[in-house]
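Have a look at this one before I ask anything.
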Amino acid sequence: MSKRMKICINTGGGDAPGLNAVIEAVTMAAYNRQWEVYGIKSGYTGLLNTDEIIRLTPEKVDGIASIGGTILGTTNKGNPFSMPVCNAVGECELRDVSDRVMDNFKRLRFDALVAVGGDGSLEIAHQFAEKGMPVVGVPKTIDNDMGGTVITFGFDTAVSIATEAIDRLHSTAKSHDRVMVVEVMGRNAGFIALNSGISGNADVILIPEIPFDIEKVCDKLMENELNGRKYAIVVVAEGAVPKDGEAISKGEGEAGRQHVVLGGIADYVAKEISKRTGKDSRSMVLGHLQRGGSPTTFDRLLSLRFGAAAVRAIEAGKFDHMVALKSPDIALVPLAEALGIEKRVRTDGDTILTARDIGICFGD
Amino acid sequence: MSKRMKICINTGGGDAPGLNAVIEAVTMAAYNRQWEVYGIKSGYTGLLNTDEIIRLTPEKVDGIASIGGTILGTTNKGNPFSMPVCNAVGECELRDVSDRVMDNFKRLRFDALVAVGGDGSLEIAHQFAEKGMPVVGVPKTIDNDMGGTVITFGFDTAVSIATEAIDRLHSTAKSHDRVMVVEVMGRNAGFIALNSGISGNADVILIPEIPFDIEKVCDKLMENELNGRKYAIVVVAEGAVPKDGEAISKGEGEAGRQHVVLGGIADYVAKEISKRTGKDSRSMVLGHLQRGGSPTTFDRLLSLRFGAAAVRAIEAGKFDHMVALKSPDIALVPLAEALGIEKRVRTDGDTILTARDIGICFGD
Amino acid sequence: MSKRMKICINTGGGDAPGLNAVIEAVTMAAYNRQWEVYGIKSGYTGLLNTDEIIRLTPEKVDGIASIGGTILGTTNKGNPFSMPVCNAVGECELRDVSDRVMDNFKRLRFDALVAVGGDGSLEIAHQFAEKGMPVVGVPKTIDNDMGGTVITFGFDTAVSIATEAIDRLHSTAKSHDRVMVVEVMGRNAGFIALNSGISGNADVILIPEIPFDIEKVCDKLMENELNGRKYAIVVVAEGAVPKDGEAISKGEGEAGRQHVVLGGIADYVAKEISKRTGKDSRSMVLGHLQRGGSPTTFDRLLSLRFGAAAVRAIEAGKFDHMVALKSPDIALVPLAEALGIEKRVRTDGDTILTARDIGICFGD
Amino acid sequence: MSKRMKICINTGGGDAPGLNAVIEAVTMAAYNRQWEVYGIKSGYTGLLNTDEIIRLTPEKVDGIASIGGTILGTTNKGNPFSMPVCNAVGECELRDVSDRVMDNFKRLRFDALVAVGGDGSLEIAHQFAEKGMPVVGVPKTIDNDMGGTVITFGFDTAVSIATEAIDRLHSTAKSHDRVMVVEVMGRNAGFIALNSGISGNADVILIPEIPFDIEKVCDKLMENELNGRKYAIVVVAEGAVPKDGEAISKGEGEAGRQHVVLGGIADYVAKEISKRTGKDSRSMVLGHLQRGGSPTTFDRLLSLRFGAAAVRAIEAGKFDHMVALKSPDIALVPLAEALGIEKRVRTDGDTILTARDIGICFGD
C-alpha cells in the first residue's frame, strides 16, 4: 500500500493566470490519494514564519481554476539563500537562511514541496533539492521564455488579452487615421508581441530578438499609406531595442545614453514615428492588464495538467524535476537541465516566417 | 405621398462605440423609405471637398452596428466657422468657410443632415441650422457629460471595458498586496470612474466633482489593511483634482504649479500613496482602450434607436433638434436647450449614495 | 441616534444575474450602519426551518457582485400561505404556515426583511407586509415584464448573452446559407427577443405581443434571398404565437391542438420555414445560458443601487414598497401598485418602430 | 527567379473558426510573392460552375482573421467523384464529374490548389492529387479527430465557447441545487467534452471513448451530495454511449432499440439521473454556438501559420501533403498517411489521468 503523504505547495514571482488552477489540481490530486496538502503563503516566507501555512481542502480550491492570481500570494520577502535581514535601526544584511527553511520543512514532516515559479523560484527550488528537499517544480512564465517546455501557463491568456486590446485599438486608429503603438510584456523574449501582433493584424512588430531600424518602420507606414491604409498598429515588446542604440529603459535616464527615454519604448517609438512621418501617433502600455483575470481555457487545462502531473511525480519519487509540456504529453525534465536554457523567438522559425509572409514588418 | 428625400450624415469628434450603429440605422431607415442617403467623410470636410462623400447602401452598412469606430472617419480638419486656411509657405489664418458648406449642401440638393457628435460638433450643427440648414443632431459622448439626454451611446461600453480592466487588476493586486491606481476617461465629469469603480469593487474613486484629500485616501487604505484587506483598487477620473491644489495635468509642468506632474493624475496618486503609506503602488492609464471595439448590446440598441429616430425627425420636419433618451422613450430636444447644459455627477444622487453605503471612499 | 437594526434578506424564484450584487449592497450598507444582517436560504424556507439562516459579513460578500447566481439559493419549498405539507406516506395537503413565519421573524427579533424576487415572491412579500412584517421589495425579472420600474437587473445580461449567441450564429448561418432560428426567454413579454434581435442584426423577430403569420415570415426570407442575402437569423421569444393558432408549448401535446409541437416554438418555426421555402433551417434554444454567469456592468451597478436603496428605505421606515428605477434615479413604489401592472412590449413604442425602420420583420 | 504562380483556395465541410484566417494568410503570402490568388466558392462547386470564382486581394481579406465562418462559403453541392446530377423532373443519379473539375482547373491555368477541409474534403483533395492536380491540404476539424497533426484550428475556440457556457451554467445549477447536463460536439472523439469539462469544473464527463454506466454516474452525484455539493455539471459528447447499450441517436427512434431517445444523449442522461436519483435535472445542447464567432487568439495564429505554410509548400513543390502542427513547428505530412489515422482520446493519456486525479467521473 502506498504511503499517505503530507505535501506542500508555494507560488513565487509575479502572478500569472493559471496559478490557482495548479493549486486546485495539486490539492485535489492529493486529496483523492488521501494525502494531506498545505499551502505556503508568500513564496518561501511561510517556511520561515510558519504561521503563514494553511491547510488546503477541496472546499478551499473549489472552482478557483477559473480565477486569476494566486490564493497563496506571491509577495516574496526574498531568496532564502540570500535573504535581507534587518535590525531595529533599519540596517540590513543578506544572510543565508536556507537551513532554517530545511529545518522547518522537516519539523513539519512534509514529504514533498511543489514549487511553482519562474526562473528565479525554480533556481531556489533546485538549490533546496540539492540540500535534500524533495521538490517538484512547475514552470511559470507569462513571457514564455523558459526552457524545457513547449509552453507554460499564463502565456496564452496574456497573448489573448493583448490581442483583444489590439483589436480594440484598430477601430479608434482607423477612425482617426492614427498610428497606435502598444507596448506588451517581454523583457528578453518577444513571444507575446509576436503572437498578439500576428493575431491582432498589426503592421509592425518590434521584439528583442530582432533589433529594429526606426527608419525601416517609418518606410513601412508610408508604403501602407500609399496603398490606402492610413492608420497603423505597432506592437512593441518592452525589451525591443533599436539597431544602432542601447536598450531603451523606462525611468531614470542616465546621462550619455542616447535612447533612454522617460516614457518607455512605446512612447519612444510613437514620438519617433510622429517626428519622422508627421503622422498622428499615440502610445499605450498594457502593463498589468496582461497578468490579470480569468485564465483562458487553454491555460486552465494546462495548469490543471501540470498540477496533477506534479503530484504523480511525487508519487513516483521523481524529485528535482519540473513538469513540462512535450505536446501532446506532459513530461518530467531535470530542473538543472531546464534552468540552463533561455528560450527566445527563433528568427527563422515558422511564426516569424508567417509574419513576414503576411506582410508584417520587424524593422530589420 | 411623402417626398423622396436625399439626406446625408457625418460623424465628428473622438470616435465612440455605436457610431457605426447610428450610421446603419440612418441608412436602413432612409432606404426603407426609398430615400437616398450619403455619408460625409471626416466631419464637415466632405462638404468642402465633395470627393469625400459616399453613397450609403444596405450592403455597405450590413452588420456594422457591432463594429467599433466609424466607417466615415472623424478626422475633422476643423470648424467651418473658423477653419485654419494655410498658404504654400505654411502661413495659416482662421477663416469662416460656412457659406461654402451651405452652398455645397444646396448644390448637392440634400434635404437634411444628420450630425452625430459631441458638444463641439452639435454646436456647429446648431449654427448651420440657424443659417437655414435642416439639421438633426445625435448626441455622442463617451464621458456622459452632455445635457438633454439621460445617457448617450458609447458610455456603457466605456464603463464595461473599464470594469473588465478593474476586474483583471484585482487578481494581480491581491496576489501581490498592492495598490493599483487606474486612470479612466472623464475630464470634466466622473461618470465612467464612478460607475466602473462601483461595478469593479474599487476601494477609492476620485472624480472631478469631489475634490480629494490624499490624506483621507491614505487613511482609508490603512483602515482596510487593519481589516485584513491588504490590497486596494483606486479608480481615478483623468480630471480628478486634489482639494488644496490645482488641476493635475499630464505633460509639460509649468513652473510654480505644485501638483502638475509628468505622469498624469494616476501616477501622482500612486506615488503619493506609496510615499505616505509605504505600500507598493502602481498606476496604469486605460486610455484609448475605452473607446475601441465592439459596442455593448446596450449601446448598439441605443445607437440604432437614435439613428432611426433621427430619420423620423427628418420625416416630421423637426430640425435644429437632437434625439435624446427620456427613458424608456426617445424624445426630441431643441439643440439650443441641450447645448446649454453641462451634465455632472450629482454628489447627492443615489449612485454616490450607493457608493458611500457600500464603503467606497471619495477622499472627501 | 438611530437604532441599530437587525435585518434579513432572501432571494426567491429563478436565479438572475445581479442577485449576489443586491446581497452585497444590502450587507455592506447594513454593515456600514453598524446593523446586523442575515441571509435566509432558499426563499422563505429559512424562516420555517431556522437552521437555514446565515450571518452575512463583509468577508462573505466581498466581490460577489461580479458572480452569477445567488449565494442564498432559490430553491423555494413553496409559498408559506399555501405550503405543501406531506406526511410519512407521501400524502400532501396545502396549508397556510404564514403565522409560523411571522412568529419566527419576531422571535429572531428581525427589524426588517429585504425580499428579492419576481411577481410571485413580491406578492408573498406584500401579503406578509399586510400581516405586519416590515418588508422592502427588490424586483427581479430577467424577462423585464414587471411593472413599476423602467427595468430590473438580469435583463441587460440576458440580452447581452442572447446577442452574443446571435452574433456567433451569423457566421455559421452565412457560411452555409442557412436559416437559424434561436429561441430566447420571454413567456409573456418579448423584450429579450426584441432587444437581442435588433442588436444582433436579426431578419425576423417573433414576440408574444405580435402574433405572427408564418407565411409573412417566409415572404421576408424569400425577398432577402432576391436581394442577395441567402441566410437569415430568426429570433423567437418562447411565448411567441402564430396568428391563427394557439400557443405552441413544449412538452406533452394535448390532442386536438393544432400547433402544439414537441420541440418548442423554435423547432416549429424552423420546420415550417424549411417546409414552405425549401431552405436549410436549424433551431436552437438558448435556455439556461441566459441566466448564468457574471452580470454585465449595467446589471452590477443597478443591483448594487437597488440593494443600497432597500437599506435606505428601511432606515426611512418605508415598508410595503419596492425599489424601482425611475431613470436616472431610484424611487420607492408601493408593492400593491407595482404588482398590479403587467409590462409588455408597446407595439407602437420607439423600439418596435426602430426595428421596422431598419427592416426587421415581425411576421404581421 | 521564381515563377509567378496563380493559385486557388477552397473551404469544404462544416464551418470552423479560423477558416477566414487561413484564407487571409494564403492571400497575403501569395500577394507578397506577387502571385495571383483566387477563392473558389462553395467547395469544389466553383470549379464546375466557374462563375463562383473570385479574385482575392489584400483589401478583401483585411482583418478577416478575427471573423468567424468563411467568406468562401462551404455549401458543397457534393463530392465531384460522386456528384448527384438531377434532371428537370427531379430524378437524380450519382456521376463522376472529376474530369470536368480537372479540365476547368487546367483551363484556368491554376498552378495549385489549397484545399481546406476535414476528412472528407481532404480525401477528395488526395484523389485529385492522384489525378495530377497540385494540391496542398489544410486540415480542419472542430472535433480534433484528425490524424497527422497535434491539433487543428477551430478546436480551441469550440472548447473555449463550451467552457464559457459551462461556467455560466454553474451559477444557475448552484442556485437551484440542480444537475445540468450539457451536450457538446464530438461524434467519434471526446476531445471537446474532455477539455471543456476539465476547464469548466464538471463533475462528470461522458465521451465516446469510455462507454458509461449510468448507475456509476448517479453514484458519483449522490456521493457529491453527501460531501455537500448539491448541484452538478455533467458534460456529454454527442457521441457518448452507455456501456450496455447502443448509440443514442437524436431523431426518429427505431422500434426495438432500447436507448434511442428523441431528445439526444443529453436529454437521455438528464432523464435517467432524474429518474434514478430524484434530483432536478435539466439538459441543454450547445450545438451551433460552438462553431461560430471570432476565433480565439490561439486559433487565429494557428490558422495564419497553416495558411502561410501552405503557400510555402506550393513554393517548394510539396504537393499531395497537408500542413500540420508538430509543436512547436509546422510540418508537411503526406495526405495518404494523415488520412489513414483516426485520432481518439487516449484513455491512458495524461489529460484523462488529470481528470481522474481531480475527481472527475467518466461513468466507468
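All chains are identified by letter, namely A, B, C and D, in their written order; residue positions are counted from 1 within each chain.
Please note the rule applied: a contact is a pair of C-beta atoms (placed from the backbone, for glycine too) under 8 Å apart; a residue touches a chain by one contact, two chains touch by 3 or more.
Since we're looking at a predicted model, the values are computed, not measured.
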{"item": "Smallest count of steps, each to a touching chain, taking subunit C to subunit D", "value": "1"}
{"item": "Distance-maximising chain from subunit A - centres being C-alpha averages", "value": "C"}
{"item": "Centre distance in Å when subunit A and subunit C are each reduced to the mean of their C-alpha atoms", "value": "42"}
{"item": "Chain centre separation (subunit B, subunit C; CA means) in Å", "value": "31"}
{"item": "Centre-of-Cα separation between subunit B and subunit A, whole angstrom", "value": "35"}
{"item": "Contacts with two or more other chains, residues of subunit B listed in rising order", "value": "164, 167, 170"}
{"item": "Overall pattern in which the protein chains touch one another (line/ring/star/complete/other)", "value": "ring"}
{"item": "Full enumeration of touching chain pairs", "value": "A-B, A-D, B-C, C-D"}
{"item": "In the complex with subunit B, residue positions of subunit A that touch it", "value": "14-15, 17, 19, 67-70, 73-75, 161, 164-165, 167-172, 174-177, 180, 262, 282, 284-285, 287-289, 291-293"}
{"item": "Interface residues, subunit B side, partner subunit C - complex", "value": "24-25, 28-29, 31-32, 58-59, 62-63, 65-66, 150-151, 156, 159-160, 163-164, 167, 170, 195-196, 198-199, 201, 227-229, 296-298, 300-301, 304-305, 308-309, 311-312, 327-330, 349-351, 353-354, 356-359"}
